[in-house]
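One chain, chain A, links the two complexes that follow: it is found with chain B in the first and with chain C in the second.
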Partner chain A sequence: MVNKLIKEDIKMFLTGNEVLAYAANSAEAEFMYGYPITPQNEIMHTWCKLLPKTEAGFLQTEDEISAGFSTIGGILAGKRAFTATAGPGNVIMQDAQSMAEMMRIPFVCAVMQRGGPSTATVIYAQQETRLTCYGGNGEGFRIVYSTAGHQDLYDYMIKAFNTAWKYKFPTYVLADGYQGKMREPVMLYDPASRGITMVPTEKALLADGEIGVDRKSIHMRNTYNMEEELMEVLDSYQVDYDKMAEEVAEWEEYKADDAEILVIAHGIVARSARTAIDELREKGIKAGLYRPITIRPLAVKPLREAVSRAKHILFTESANGQLAQMVLEKIYGLTTPYSTLFKMGVGVTGDDIVQKVENIVKEGV
Partner chain B sequence: MARTKIVLAGEGGQGVQSIAKILVEAGYEANKEVLYIPNFGVEQRGGVSIAFCQIADERIGEPRYSKGDIVIMLSDRAIDRCETYVDKNSTVVYDTSVCTKKPTCECKEIIGIDANKIANEQLSARVFNIIILGVLLEATHVLELSDIKNAMELALGKKFDAKPELRELNYKALEMGMSLVAQKAGV
Partner chain C sequence: MAELLNLPPNLPKSQNAEVGASKFCPGCGHGITLKSLGNAIDELGIKQKTVFGCDIGCSLLSWNYMDLDTVQTHHGRTTPVIYGVTRANPEAIGIAYMGDGGGLAIGAQHLVNASIRGERMLIIVVNNTNYGMTGGQMSPTTMPGQKTETTPYGRDCSVTGEPAKGAEMVAAIVNKSKSFVARSTVSNPMKLKQTFVKALKNVENGGFSFVEVLSICPLNWRTNNVDTFARLQQMEEYFEVKEFLTPESV
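Take a look at the complex of A and B:
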């Protein structure tokens, strides 16, 4: 057990990376594996700075391939381990992330998106949306929470550990360089004070008892001999995933009830959309927001209902429609027209959205 | 809702991010809503370094904004990069002793100051950024001098205690910055 640092409510003025380190401690994480890449370095810097007090563990590996597999190793050894990465690091960690999917490892990873493709910028983007949801050679048996600020980072990092350990699918907090580097006030708390019970850390391979006497042997596989054998396993994963999806899917609506123009955005861009919607409402334009919080799995029913109610949809992202692609598949059959405001690797401001919506209105909804 | 949007831009190493941190810390300690995003490239030195700061009375929505109320440009490259953050409501401040050109953007007001020259000749090159902090304080009027001094103690208190004359030097730089704007505004 580690020492938890946050025992009562405390308001702090932190960067998002610092928030994530505190959140992992509050979620009783015992070990972090990582490799430096901007803009997520301060997660491990902060985690390490706190080690004398938390008595948790840290290993800096030689690269992200190793960081991913070490995280899996730590979990198999019975530790509540996690990692964090960004950009090209997220790309090369996909092998380990696929393994976590295949072996149903409660792998927790914070992704602080930076510009892409390749090295691009160290600053910000939403261009790892598809990669984080569907990367690797597999089917995307993952849960991805897209956060929109520091309170979200704290809340959902804690939640990510519970989701991962309860359902045994890799779970991500998907944020970005803005959220990692920016400073804003945040309320830190002990999860128990909010009625949150942490799902216990189970020993996977090193379970108690004698094999064959007290318990069966544990055989976790990522290799299969026969095609059908593999499909049987994956079909059962799909059943688990679909059942889980109903329980974990989260979304948020803002002034969406009577919205004629519905903005669909995730993460920090959804926060800019709120600013825009307030301004548009003052100008008499009925705009609203639908923000998927879990972008994998998406909450399909409320999404379809919100889209059906609106006269026009505006997708906006700091990417070229990575979320829009996933959403469009889920709203197949609906005929609500849509427009797009995509800025690849660049922040979307409230003004950007206001102007775009005003143009849509001018052209006639 | 009162919200002040600040864009602070210069060369990496000029101390732009350091004063942005002091500014937002001062806002936080004064119970304002604040949000700060640092923005820079992969270089340790050089390159344009930009700080986007917001200080508001109510919860802040958008973290990034299109136009700043105050846009401070501390190098030629900063002028090139940051004219896009200026509109007719913006006040632009640039350093005439660093920049070799004048911003040409349409805006409410352009204020030229020679903070770098003053720092080198009258104080110390190391407090150039603190003069700029004084400029910001006077140009925005959202925080008190005492708020900034408190935040400086949090950031630099240990250094000040070791060398008390540094505290005086930094205070002088702050006041110098404030007076630079006050003089220009009076013209």
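Take a look at the complex of A and C:
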């Protein structure tokens, strides 16, 4: 057990990376394995600074490959372990993440997106959305929460541990360099004070009891002999995932009920959209926001309902339509026209969205 | 004669009796290696706290071979999974089991860094001088002139470099007083077992251990019994069989 530092509500002025470290501690995380890459470094800096007080564990590994795989080792040993990464680190960590998918390991990872492809920028993007949702070989199952600010970072990092351990699917907090480096007020709390109980961890390896006396030895594998044998396993995962999706999928609507122009955005861009929507409403334009919080799985029913109600859709992202591609598949058959405001690896401001929506209106919705 | 055939196999207690016939190719060195490892674990009485990790490649077939808590990993990634376990559970004795490709090529960065950090674990690299599972390609330890699928005219060291000497490399970079580093061979299973005993004792004492096992691959080598062991003998001349580092405590 670790020592939890947040015992009562306290409002602090922190960077998002610091918030994630505090959230992991509040979630009773016991071990972090990590490798330096900007813009997520301060998660482990903060985690390490707090170690004398938390008595948790930390290992700086030789790369993100080993950070991912050693996180898996820690989890198999029964610890609430996690890691964090970004950009090219996220690419090479997919190796471990696909093992977590295949073996249903409650892997928790914070992804602080930076520009890509390649080394690109260390600052900000939403270009790891597809990778974080669908990276890895084969059709693995994952849960991805996309946060839109520091309170989200705290709330969803705690939630990510419980989702992962409850459903045994790898779970991600997907944020970005802006959220990681920006400082804003955030309410830290003990999850118990909000009625949140942490799902107990289990030891997959060296569980209680004696081999040959109380239990058999455990043999965990990720290699299958026959095609059908694999499909049977994956089909059973699909059933579990679909059942879980109904319980886990989250979304947020802002002034979407009567919106004629519906902005669909996730993460920090959704926050720009909110300011834009207020401004547009003042100008008499009925704009609203649909923000998927779980971008995998997407909450399909409310999404289709919101899209059906609107006269026009605007997808906006700091990427070239990675979320839009996922959403369009889910709204197949609907005829609401759409426009796009995509800025690859660049922030989308409220002004950008206001201008774009005004142009759409000028052209006649 | 019938009675003789009905004798139960003389398996180590740490070996999984339920696994049935070995899935390794006839004549493979993994069986000798794993049996020697099992005997060493039995001798030390550490079965209940041992975690066995197996790599991808031929070593993946050991995923249920031992009566030990076992995790199969990805190619080259057994070392980080196992030190992930032992960092989180200080009671655990971690064993990472891999071939020469997994240890010295795709997973070399993990071997180097686990050695430097002195991770509390035993890394076993079974060196049969080729990638067996994928059909016999050149590996870092392929002998000079050896024919493999990717060196069909023999390994030309002027192009590929010299064979990697894993034990020498590890011995050069570890903390000398806390590390056990040895190269052993399947031609002497008793000695191999004793080597594993020392290696595991050192891990129990909180140290890092590395054992390279010279092994055989008759299928990909395309050798009969006589030629297989003749080649193993050549390997034993090329790759020095000895304890490179032995802490006083073992």
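Methods note: the second predicted complex is superposed on the first by the 356 of 365 C-alpha atoms of A that agree within 3 Å, B and C clash if a C-alpha of one lies under 4 Å from a C-alpha of the other, contacts with A are read in each partner's own complex, and residues count from 1 in each chain.
Assume contacts are C-beta pairs under 8 Å (C-beta built on N, C-alpha and C of every residue); 3 or more make two chains touch, one makes a residue touch a chain.
What you see is a predicted model, and the numbers here were worked out from it, not measured in a lab.
Visitor: Given the alignment on chain A, is it a clash or a fit between chain B and chain C?
Guide: fit
Visitor: Is A:Arg142 touching the first partner chain B, the second partner chain C, both, or neither of them?
Guide: neither
Visitor: Mind working out whether A:Ile218 is in touch with chain B, chain C, both or neither, as first, second, both or neither?
Guide: In the superposed model, A:Ile218 contacts chain C only, not chain B.
Visitor: Return first, second, both or neither, reflecting whether A:Lys356 touches chain B, chain C, both chains, or no partner chain.
Guide: A:Lys356: touches no partner chain.
Visitor: Output check: A:Ser66 vs chain B and chain C. Expected answer is one of first, second, both, neither. What do you get?
Guide: second
Visitor: Treating the CA centre of chain A as the corner point, state the angle out to chain B and chain C, nearest 10°.
Guide: 110
Visitor: Thinking of the overlay built on chain A, is A:Ala77 touched by chain B (first), by chain C (second), by both, or by neither?
Guide: second
Visitor: Identify the partner contact of A:Met182: answer first if only chain B is touched, second if only chain C is, both if each is, neither if none is.
Guide: In the superposed model, A:Met182 contacts chain B only, not chain C.
Visitor: In this superposed model, does chain C or chain B come into contact with more residues of chain A?
Guide: The partner making contact with more of chain A's residues is C.
Visitor: Just how close are chain B and chain C at their nearest CA atoms in the overlay, in Å?
Guide: Closest C-alpha pair between chain B and chain C: 25 Å.
Visitor: Can you list the chain A residues touching chain B in their complex?
Guide: Interface residues on the chain A side: 13, 38, 119, 121-123, 149, 178, 181-185, 268, 271-272, 274-276, 278, 347-352.
Visitor: Which chain A residues qualify as touching chain C in the complex?
Guide: Going through chain A, the ones touching chain C are 30-31, 33, 57, 59, 61-63, 65-74, 76-79, 81, 95-96, 99, 204-207, 210-212, 217-223.
Visitor: Mind listing the chain C positions that touch chain A in their complex?
Guide: 13, 16, 47-49, 51, 56, 60, 63-64, 66-74, 77, 79-89, 91-92, 109-110, 112-113
Visitor: Could you list, by residue number, the parts of chain B that touch chain A in their complex?
Guide: 21, 24-25, 28, 33-42, 60-67
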